[in-house]
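Have a look at this one.
Chain lettering (A, B, C, D and E) follows the sequence in which the chains are written, and residue indices restart at 1 in each chain.
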Amino acid sequence: MKIDLNKLKLPSLYKKPSHKTGLPPGTLVYTGDEKAEPVQIYLIDYDETKVEEKPLDSPQQFSVLRQTTSNSWINLDGIHNVELIEQFGQHFELHPLVLEDIAHTGQRPKMEDYDACLYIVLKMLQYNEQKQAVESEQVSMILGPHYLITFQERQGDVFEIVRQRIRTGKGRIRKMGCDYLAYSLIDAIVDNYFHILETFSERIERLEDVLLNEPTDVVLGQIHSLKRELTLLRKSVWPLRELVAGLDRLESGLIKKGTKVFIRDLYDHTIQIIDTIESFREVVSGMMDLYMSAVSNRMNAVMKVLTIIATVFMPLGFVAGVFGMNFDMPELKWQWAYPVGFWVVIVAIMVTMIIYFKRKKWL
Amino acid sequence: MKIDLNKLKLPSLYKKPSHKTGLPPGTLVYTGDEKAEPVQIYLIDYDETKVEEKPLDSPQQFSVLRQTTSNSWINLDGIHNVELIEQFGQHFELHPLVLEDIAHTGQRPKMEDYDACLYIVLKMLQYNEQKQAVESEQVSMILGPHYLITFQERQGDVFEIVRQRIRTGKGRIRKMGCDYLAYSLIDAIVDNYFHILETFSERIERLEDVLLNEPTDVVLGQIHSLKRELTLLRKSVWPLRELVAGLDRLESGLIKKGTKVFIRDLYDHTIQIIDTIESFREVVSGMMDLYMSAVSNRMNAVMKVLTIIATVFMPLGFVAGVFGMNFDMPELKWQWAYPVGFWVVIVAIMVTMIIYFKRKKWL
Amino acid sequence: MKIDLNKLKLPSLYKKPSHKTGLPPGTLVYTGDEKAEPVQIYLIDYDETKVEEKPLDSPQQFSVLRQTTSNSWINLDGIHNVELIEQFGQHFELHPLVLEDIAHTGQRPKMEDYDACLYIVLKMLQYNEQKQAVESEQVSMILGPHYLITFQERQGDVFEIVRQRIRTGKGRIRKMGCDYLAYSLIDAIVDNYFHILETFSERIERLEDVLLNEPTDVVLGQIHSLKRELTLLRKSVWPLRELVAGLDRLESGLIKKGTKVFIRDLYDHTIQIIDTIESFREVVSGMMDLYMSAVSNRMNAVMKVLTIIATVFMPLGFVAGVFGMNFDMPELKWQWAYPVGFWVVIVAIMVTMIIYFKRKKWL
Amino acid sequence: MKIDLNKLKLPSLYKKPSHKTGLPPGTLVYTGDEKAEPVQIYLIDYDETKVEEKPLDSPQQFSVLRQTTSNSWINLDGIHNVELIEQFGQHFELHPLVLEDIAHTGQRPKMEDYDACLYIVLKMLQYNEQKQAVESEQVSMILGPHYLITFQERQGDVFEIVRQRIRTGKGRIRKMGCDYLAYSLIDAIVDNYFHILETFSERIERLEDVLLNEPTDVVLGQIHSLKRELTLLRKSVWPLRELVAGLDRLESGLIKKGTKVFIRDLYDHTIQIIDTIESFREVVSGMMDLYMSAVSNRMNAVMKVLTIIATVFMPLGFVAGVFGMNFDMPELKWQWAYPVGFWVVIVAIMVTMIIYFKRKKWL
Amino acid sequence: MKIDLNKLKLPSLYKKPSHKTGLPPGTLVYTGDEKAEPVQIYLIDYDETKVEEKPLDSPQQFSVLRQTTSNSWINLDGIHNVELIEQFGQHFELHPLVLEDIAHTGQRPKMEDYDACLYIVLKMLQYNEQKQAVESEQVSMILGPHYLITFQERQGDVFEIVRQRIRTGKGRIRKMGCDYLAYSLIDAIVDNYFHILETFSERIERLEDVLLNEPTDVVLGQIHSLKRELTLLRKSVWPLRELVAGLDRLESGLIKKGTKVFIRDLYDHTIQIIDTIESFREVVSGMMDLYMSAVSNRMNAVMKVLTIIATVFMPLGFVAGVFGMNFDMPELKWQWAYPVGFWVVIVAIMVTMIIYFKRKKWL
């Protein structure tokens, strides 16, 4: 059972949560892949009447933002520049552990309430068509009274639709505060999970088709891979539920009452995603059984061919062997013994056997 | 193991919850199948003394209904007309998220309390005899103090019996409020689940019969399909329990005390349905084991035939082979060697073997 | 794998909970099997000093009983007479839903507190020796301040021992109220569950014996049947726990404090029954594995016989074949070649093979 | 697959909880095995300054003990003398249900608070080296303010170490009250569970060794037996946790604060035992899989031998058969045809086959 | 299926929790392996301004430490010297049960609040590269207002990084109290768990590679071993969660508010470790299925070879046998019968068979 490993890339089971061992807690060390991309900071400042967008390059500009009453969304792409994150920390008075969590990819989705601000971390999943794999990116959010800071691992995200809504003033986003903005971003991320589920659904259905028609060895590896990807997916979605429920229960004034009804809607979506993942897991685990049965069935088919052949030709061989004996057999001298008698016996044996197998439904 | 896929329709694993990605929350987009059917709105207005029925065509007529103290049941078939739903929203002051949920098929059954009204969404399941499949339709309900609005995906429902009761004044329905009407409709939907379970029960029992008598490959696909349908059925029934329990716990005055005793009855039914689904799942998962054993047993049977044939004819073939050797064997010249001696040996071997197999209970 | 279905009666998976669909809630319709037996009502009226027993035939006599301060136990055998149940309802002011539940067999065991009275429904299980099956009968109880009404599906019950105790005044039953009577009846039912478990225990042990000694196909069907019966048994016992716990927690004055210590004892028994059912389920599910291994082992044994035969006779056949060739072989002319040389080779091959198989522990 | 049943004694699945069916609750009937041993009552009366030990023979002596302020431990071996238990009940004013539970072996471990006293029942397990089986004995305790009564099924227990401590005054036992004595006894019982676990651990490891080296049919029965014993062990240990937690939570003054810290220690031990049982169950259930794989592997080995033999000798047989044909074959007359040519062909075929199998890693 | 047991060391299933049976609770007996190493006590005394380090040799020096307001970390390597532990107990007024727990290796990780101090016990895991096994060491901590005592089984630990931080004054450790020190040590232990998980992750991935490419018998034993190690690992990590949550919930002033935010961070790490272990368990249990399928697939391959050989050569053998008969067959005398006719038939049969197998995808 040789499986082409080039075609089958098992997702990595374990992502190092941190290399920080040995460093005091609260030390900032980036733990993702090495990167050379420059870090980009982009500000969208808006209220009901105006929208202003500009890239930021020096952290000195940050502190001003804490005073304004308009909503400021600062987005940072690239968390490998730890000095920058530290500056954020100074200007917005963030706890060192928050900064550490921002820099360490491999966090479990969670929400933490630091009175003055809210720290939210979750996973943005995107299906990479080229690699045929789900890619995961850690998104951290700092929600303050009038600002929202988002930290992403790299450029490219699922937030474009939210930016458009801010620019065009569509929906209620411009009328509401930063808590609604944070909700909108999480909603965009969660909505994308549905896309991921769709690709899973398609893969499962395609695999099931193959499985019910011509189950080959390759299928086995694919089921295993699917199972594992679902295990990993589940690991990043389950904590989300707690996160969203936490946002809903929050007593802090950072989440306004008008936003909570949206968060409850988000909660429903999260439950739906979890339900679907659980169904997928059940179906995939049923596929393993199906495959095992298919293998057994195929073996049965092989065995039947062998048995039919042996059962037909062994008696025939014996008959031929008898007449090959060097006894002085009277049958040998009978007229019509060979061309007729012998072949009649042979055909009779074959027909009997075939009828027997037909009855047993082997043919 | 080729299964006729025409006969086996696996229910779709995943139903898109929405296409709305990219739109602000609260945007109304219908996500079901495309439809051309006209939307129908039908009003039944009743109190203890009178019943009035009429189709409605313009939403302007709605607002009047909010003032009356009689019970108004407005039923809408066809949720693809989103403008109409929006008008409902304006006249009855519904939250945009409620309107979004009404238009999006693929909701998880739930109940939401918006002080002024109650939003309930659940799945109406019907067994389609022709397609031999369970069909699901989303039913949304808005329960206000004196009105109940129901939204269905298409025409045809299980509510006819409730309508009859209103018309004839049978039972206590005319004497009670809209909360009792809502209960009656949910009860009608849940009662229908029992019918669905009955069809499942029959299918399981038929499949078990086949499985214990002549387990073929087709059975395997059917077990898999059954398993999956139960997974999906469970997904739409489990949340129901929470929904009904929520209605019972509700502090709001929308559900009167006299109705709660009926809701508790409904809760019992829901638990019974869930219990039954769990039993079915257990039985079906036991069937998979049964099938696997059946396959192994059949292989055993095949192997036995092969072994019996080989064990009988291999020694016989050897004996015949010996006498076919070109040695100058004395046995060849013995009188009666061939017609008697040889066949005695042959028959003796066969009888020994048959007795051996009888002892081993292979024959 | 043909199993004699006459010997194997799978218990019905699904019991229709009601045929009432289409009728308003609270409508009385009997849903059990059709019956012609006359309905019997029997009264036992007792207090510390006297016992009075008589059959009742008209419901008019009931209302008197509500006034007396002696304990009245009215037992009704046969719930197919729905008019009679309705009369009970009128005289004792029962909620229509209670009446509906009494008439519908297929209830989930439960307890409902209607202030003025307590409604309890549970399953009386009896092992029918003749049919070798567990039979289930629904028992409903209405517990009021001074009366207890029990409704049974048919004649014959496990309550005789309680009646005897009332008649003879044995134990404390005559000194205590109707709540203690209700407890005694439930206790009698639960005690009988232990008998059922005992029959299960015996069946499991008998099956295990067969399984470890000579596992045949029949065993498979029996394991499946056992599994399913346990699934069903569990379904009727699990809710009992809740029921009894509910009786214990009850704030209502209908259950006196002195009786509660007995109810806690009952609760312990219920837990014990549930524990035992769970153990049985584990053991039975282990038996499936055992059976599968047994089948594999048997196949192994068959394969070994085949392999031994083939491995011994194929080389022998080849040797005989060689000397049957028409070459001018020198060996043919050696003295002692045939009677001695040839047979020495043959025996040598056989002995070698047998030693080989002994070493491999196949013989 | 015949297993020697003499060597394999499956522990009984079900222990009759009582034969009392038909008797009023609170009736004293002994339900253990019949016994002729005389009942022994032994008193140890101690306080910080003195220890007094004597056998008791008449229950009249009991009541005195209730007045003293020294700690009195009355131990009774043999609960089949129900009159004696009844006398205990009268002198110590015990509830009839407590007496019933004492006499009925087969109780689920539990703790009951009867204000004036505490009733504790649990299982004392001992490993019987001779029978190679775990033996269970029910121990009931009545804990009063200044007395502790213990009821055992038969003589012989694990309490000797506690008695020694009382006699020698080692540890704090003499300085503390009866609650500490009760704790010490339960602790002695629980400590002994660790010994039981040790024997299980050894058996599992021995079985694993066999399984990984030469898995025979016997192993299968032993795994099944182990599984079942663990199921039963678990059934008697799980409730212990609740029992001990109950003692810790108890508000009653019967358990003093100074003793509670010891009870929490006991609780830790109980959790540890449960954890270990769960690990054992997992490992044993993994052994079943291991066995199944081993069987499959052995079958594979058998199949390979068969296939190798058949694949080698079938072509050889055919070649020999060809030269046995009565055609006028030119090859027959070639010089060196037989002694050289023929055998070269034969050897070539064999070598080819062997190389082929080597490549496939079958040899 | 013989597995080299030298290469496969199954971790011991059961670690004796104590040998103390028979001794009164609170008796100090060391239960680890026998040791001759001398016990080492080392003091690090620090506050914001100074650090002082020295080995201690007599317990008399301890009591002084309780008076100082600087932070004193006393570390003891080697818990086999029970007299020393007892002296600790006297000087720091520890409860006898705490001392007992310190000396007994085999504790379940837990936290106990003794008002004056906090007792914490957990497992320090280290991966031993040489033995290729995870080694476990019990670490006990006594946290008082101004002191922290740690007890380790032997020399060598993961705390060096914390010591360095104290010496160099890096991070906030010197500015905070002993509660932060305790947190830092637990954090160091938990961080090391991530290393352990990494080695597991690597082993799983290596095993999966082997499994998908050439599954041999050895793999089976390794999966079993992996499964069991995970079971054991889980057993020492799960209670950690409760421990850390307990520290967070603690009302006592021993854990200051400023430290709790770090403890919550620690809690997140613990959850992450548990999540990862659960994923590993799922993946490993899926590997068992994969192995079973691989074995079945290999058997299928073997069977196919056998069937192909038999199916080709049995008919050929029969044809050869026919012409070896001693009938006076006309075919024998046909011209070209042998060199051409016969071989044409033979080749035709072979080609037909090969085409048939190609169609069946067996070749």
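Going forward, a contact is a pair of C-beta atoms (placed from the backbone, for glycine too) under 8 Å apart; a residue touches a chain by one contact, two chains touch by 3 or more.
Every value quoted in this text rests on a predicted model; they were computed, and no experiment measured them.
Common partners of subunit B and subunit C, by the touch rule above, are absent.
As for how the two copies subunit A and subunit E face one another, under half of their interface residue numbers coincide. Centre-to-centre spacing of subunit A and subunit D amounts to 43 Å, using the average Cα coordinate of each chain. Taking the mean of the C-alpha atoms as each chain's centre, subunit D and subunit E sit 26 Å apart.
Residue positions of subunit A touching 2 or more other chains: 214, 292, 296, 298-299, 303, 306, 310, 314, 317, 321, 324-326, 329. With chains as nodes and touching pairs as edges, the resulting graph is a single ring in which every chain has exactly two contacts.
All chains join into a single ring; listed from subunit D onward through subunit E, they run D, E, A, B, C. Looking at the complex, you find that subunit B touches subunit A at residues 1-3, 5, 8, 10, 12-14, 16-18, 20-27, 95, 97, 101, 107-108, 110, 112, 214, 217, 220-221, 224, 227-228, 231-232, 235, 288, 291-292, 295-296, 298-299, 302-303, 305-306, 309-310, 313-314, 316-317, 320-321, 323-326, 329, 332, 337-339, 342. Partner subunit A is touched in their complex by these residues of subunit E: 161, 165, 170-173, 184, 187-188, 191-192, 194-195, 197-198, 200-201, 204-205, 208-209, 212-215, 261-262, 264-265, 268-269, 271-272, 275-276, 279-280, 282-283, 286, 289-290, 292-294, 296-300, 303-304, 306-307, 310-311, 314-315, 317-318, 321-322, 324-330, 361-362.
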